[in-house]
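In structure tokens below, several structures.
Here come two complexes built around chain A, the first alongside chain B, the second alongside chain C.
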Partner chain A sequence: MKQLLAILVDGSVYASWLFIISAGLTLIYGVMRILNMSHGSFYALGAYSGASMVGWYFSTGSVPWLSFVVLIGAALAAGVTVGLLVERGLLRFMYGRDEVVMILVTYAVLLIMEDAIKLIWGVEPYFAYQPYTMLGRTKFMGLTFANYDFMLIGVSILIGLALWYGLNRTRNGKLLRVIIHDREIAGALGINVSKIFTITFVIGAGIGALAGALTAPGLSVVPGMGIEVIVLAFAVVVIGGLGSISGALVGALIVGMARATAVHLYPEVELFVIYAVMGLVLAFRPQGLFAVANARKI
Partner chain B sequence: MKHSLLTAATVACAMTTGGLSLNAYAADEYKLGLVTFLSGAASGPFGIPAKNAADLVIDAINDGTLPAPIKGNGIDGRMITPVYLDEAGGATKQTAEFRNLVERDGVDAVVGYISSGDCLAIPSVAEELKTLTVLFDCGTPRVFEEADYKYVFRTTATASMDNIAAARYVHENLSDLQTIAGINQNYSWGHDSWRDFTETLKVLRGGDIEITTEQFPKLFAGQYGAEISALQVNSADVIHTSFWGGDTDAFVLQAAARGLLADNEVIFTAGETALNSLGEHLPDGAIIGARGPFGPFAPESELNTWFQNEFTERFGTPPTFPAYHMAQALIGLKLAHDQAGVGASTDEVISSFEGLEFYGPGGKVEMSRGKGHQAATEMVYGRLTRVDGEITFTDITRYPADCVNPPDGTETLKWIQSGMPGAECN
Partner chain C sequence: MSKRSLALLLILGVATLVGGLLLPNWMSYLFTIAMGKGLVVLGLVLLMRAGLVSFGQGLYYCLGAYVAGMLTQFAEVTDVLLILLASVSFSVVIAAIIGLLLCRYREIFFAMFSMAFSMILYGLLVRNQVLGSTDGFNVANPSLLGWAPGPEGASNLVLAVAVLLVFTLGILAWRYLKSLSGYAGEAVRENEIRLEYLGGSVFKIIYVKYIIAAGLAAIGGTVTALVSGHVDPEMAYWTTSGEFVFIALMGGTGHVAAPIIAAVLFESLRTYASAVAPYTWQMILGFALLAIILFLPSGLWSLVERFQNKKPRKAP
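And now, the complex of A and B:
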């Protein structure tokens, strides 16, 4: 029973983290058909911005609780600003190119951003642990959990709900779904596709940066951290189906639960299980669980 | 005709004098390849402190300001010119870069490598290119257990020493020890560390030890929530971890927040790098190692005082064990040259390096394993405690080199499993 509880909680926490990381990635692919390799760099950018601002904030001796606002605010500001620069300054000139070309372009952005981060923040680790420890812990059935991790579950639910509402209940969301279904027809109907692309990329980059900021308090922020998570994020969105928000949610839950189960019952296969699940899903549904297979336009 | 002859003569003269001055310059410098992580997750806690130590020690060697008995300026009478190279990118890239260092940059020697994978890949290329190479930080015992090398040396003891000493420490200090658990990185470093620790404990306790759980998360995973729960569910008398760098930081932060470190005995075989940044999260009683007698465990000496003071003043933080490892490698290389004499051939330097005994800032280094190419040092563990808020150590145990390093020519695992014959621990 204790072990089952641990698996459920650990799986949920890990799934929440994965969903926050992969939501922006799958949103950008769904709308823009860009497999954004630089997503990991936005994650790192958010972590560095959040950690450095939180470090500065605590050095001023201000109210500790407001550090959450500083953490999230700094990351969103950095993610949105750099996202806008990348989309307006580079990506918009590349629209219409082959998806493989876009992968190479965003990979170049990733490399540039990784070096830019090192130029700005150096290679020394940054810490922003105060928000992680501030919330305390909860003891339950002989297990102790950090309350910050429960907050992470709440934030991922909020992000999921916000994306669902935005896509299904707002005018811009409906316009965006038209573009997802058929970009050419959307353009012919008078929808400003370019503007929607900019908004989408900025939101995706912002969510990526937010994911980094929310992760930063639990670890040391170091160079290369963005590259480590991008592979996991790809596994999640591929399982759920590229471009599907609900697919990312289910993919994150599957990966999170599978990993937690492996860690507790078969720790020797922990590394293998994520990619085994991905391989299994792709063997039966190559387009992923939630993506709809499209007829190819000739 | 006359004019063109004059031009040709001028060009020839310029080329000759240019060549001469180039040769004269080349003779004045000792080009040293230095390979360490300058990017990626290992750069902050390992690569950069090592590079800082290299900058500090090379300046001191060139200026002749290292404390006595180290004498003279430079190496082989020549000033050291460092050629830095980023270790990031994996073993295949590093072997190509090693060739570039030797064949394009023309280095006289190479000091480098933190990753065990790189340390296993580089020696065969070093042998092929006949280049004196000093491995400064990596821990895998396989380098000299699986092959003999002429041009390759390692001035740091193997990781086996850390884990054999760790097993001895918990065996001697935890009277009710019955169960152990482990969390180690999922690659050769983590697996070898856990294997040496558990096998040594089995020998010391006559097989009377139970493993409750053994966790091997991916290197640089960063998220250890499930592993921490598994360690709570499968509670043990002591938890062993050989995590290093950012993984240690993340584990300490997450485990401390969940009370794991306060509720359990934990031994960090390479935990010293976390002391400066996250010491406040480590509870009193945590058992800490520094991969040798380094940092807070370094014996008092003029050289150590100089190293600690100069490093802290120049870089704003005390040196951790990767910095000590680098200093040790550079001092070893200089002393091997000094002993061989100015103008000595590479073979003569190798002869003087083999079996060399010298003192680095972490104390005595004996090049007594791997047919004189592999170092053995003492190993130290202690319990963290606080005096007036300052971190210090209690229950410090120093294990002599011959207590925790297998004799020359013996495979570590076979030595442990045969009961560690010849171990001298007094």
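And now, the complex of A and C:
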């Protein structure tokens, strides 16, 4: 019983973390048909800028509660700026190319960003544990949970709701969905596709950076963290179906629970189980759980 | 292939071999690694000619290396030929199983799922204490038909085997690309439905290519394991596979020699760059990748082709 509770809580925490990361990835793919390899680098960028700013903020000895604002603000600012730079400076010249070519282009961006981060922040690990410890811990049924993790669940729900509202209830969101259905017709109807592309990429990059910032207090920020994360995010969005936000949510829950179960019961298969679940889903539904199958063009 | 070009290739092969053996140790080591990676990329190029980019060749590269390492460490088999045979057959069997699932996919899905499979192996290896977890384990020196050279002789032996393999497999791959099944790869890339209509089986064509690529990757992994004397799970990590894709793009898919030359170039550049600029090496790679995509989409080999086309052709 105790173990079940631990698995459930750990699983939800892990799932919400996965959802925040993969939401940006799946949004960008859904709208722009770009499987953004550099998403992991935006995650790392957010973690680094958040952690270093929080470290600086605490050294000034100001009000500790405001450190959350600093953490999230720094990450969003960095993510949005670099996202804008990458989209306007590089990706917009590549639109219309093959999807595989776009993977390679974003792979190049990933390689560049990885080293850029090393050049700016060095290779020593960063710690921003203050926001994590500040919230304290809760004892429940003999188990101790960090309150920060519960906050993470809340934030991921908020992000999910915001994305849902933005896509379904706002004018820009509806325009965006038109583009998802048919890019050419959308352009013919007078929708400024390239503007929406820029906005989408910036939002996606911003969410990626936000995910990094939210993770930073819980662990040490080290080089290469983005490269580890990107394959996990791929597994999540592929299970749910590329380009589907609700798919990313379900994928995150499945992967999160599977991993928590493995960690508690069979720690040796922790990484293996994630891809095994993915393989299983894809063997039966090749396009993922929530995506609509595309008709093959002759 | 004419007798003349065969003779030329033979001379080139002997020259490469002698040259490789005469090089200082660190350079011949680098050269052997490049040969191994070149073979992996050769397999990747076969797939890319059919329009499929695999981000998971590291799976078979690592499998081949681990089979080789485990044979020398746990079964005390050190014969190069036996090791090669074992690691290729093992990888081919695995590829035959995974291929059944993977060859249904195209484009980014093929790329991502092949990556996921290599990450499965990575995940299993980092958690395996017997196989040294993240550190991997050492590989014993190889021997050939009962002849066991010392540590230095062993690396020369691997070099000789690698050069021999590159030339034989290169010629075989060249022959293959001129065969019906080889040409069918390009037809798959151009239009699958038309190919099916003409009576070809797209699945079978891709499946065969996938298995060949896996075998080549296993050979490359074995060569790397034997010459470096060490294997670790990093070989299955997706960045290793990304490196192979990079080399393939750098060389281009125009000719079987392109991936081998690109691999040699890549390894020398890397050795140089990691000494001069350890923290900007990936950045250099990234900018180079962008430059290749933008200005040289058919890779370095297209420069050779351009040069060849300028020469007036003899009338047949």
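The working rule: the second predicted complex is superposed on the first by the 296 of 298 C-alpha atoms of A that agree within 3 Å, B and C clash if a C-alpha of one lies under 4 Å from a C-alpha of the other, contacts with A are read in each partner's own complex, and residues count from 1 in each chain.
We take it that a residue touches a chain if its C-beta (ideal position, glycine included) is under 8 Å from a C-beta of that chain, and two chains touch if they have at least 3 such contacts.
Note that the structure is predicted; figures quoted are calculated from it, not measured.
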For the combined arrangement obtained by superposing on chain A, do chain B and chain C clash, or do they fit? clash
State whether A:104 touches chain B only (first), chain C only (second), both chains, or neither. second
Touched partner set for A:117, first chain B, second chain C, both or neither: neither
For A:35, select first, second, both or neither according to whether it touches chain B, chain C, the two together, or no partner. second
What is the contact status of A:180 with respect to chain B (first) and chain C (second): first, second, both, or neither? neither
In the superposed arrangement, does A:205 touch chain B (first), chain C (second), both or neither? neither
Check the residue A:270 against both partner chains and state whether it touches chain B (first), chain C (second), both, or neither. both
After lining up the shared chain so the two structures overlap, which partner does A:3 touch, if you call chain B first and chain C second: first, second, both or neither? first
With the two complexes superposed on chain A, say which partner A:193 touches: chain B (first), chain C (second), both, or neither. neither
For A:143 in the superposed arrangement: first (chain B), second (chain C), both or neither? first
Of the stretches 95-103, 149-157 or 401-409 listed for chain B, the one clashing with chain C is residues 95-103
Report, in rising order, the residues of chain A that make contact with chain B in one complex and with chain C in the other. 114, 118, 123, 267-268, 270-271
Note which residues of chain A are touching chain C in the complex, please. 35, 90, 98-101, 103-105, 107-112, 114-116, 118-119, 123, 227, 231, 234-235, 238, 267-272, 274-276, 278-279, 282-283, 286, 296, 298
Residue numbers on chain B that touch chain A, as the complex places them: 38-41, 43-45, 47-48, 88, 186, 213-218, 220-223, 225-227, 229-230, 232-233, 245-246, 249-250, 253-254, 256-260, 263, 277-278, 281
Which of the residues in chain A end up touching chain B in this complex? 2-3, 6-7, 9-11, 13-14, 17, 114, 118, 123-125, 127, 129, 132-133, 137, 142-146, 148-149, 215, 217-220, 222-225, 228-229, 259-260, 263-264, 267-268, 270-271
Okay, in this complex, where on chain C does chain A touch? 53, 55, 101, 104-105, 107-109, 111-113, 115-117, 119-120, 122-124, 126-128, 191, 193, 238-239, 242, 245, 249, 279-283, 285-287, 289-290, 293
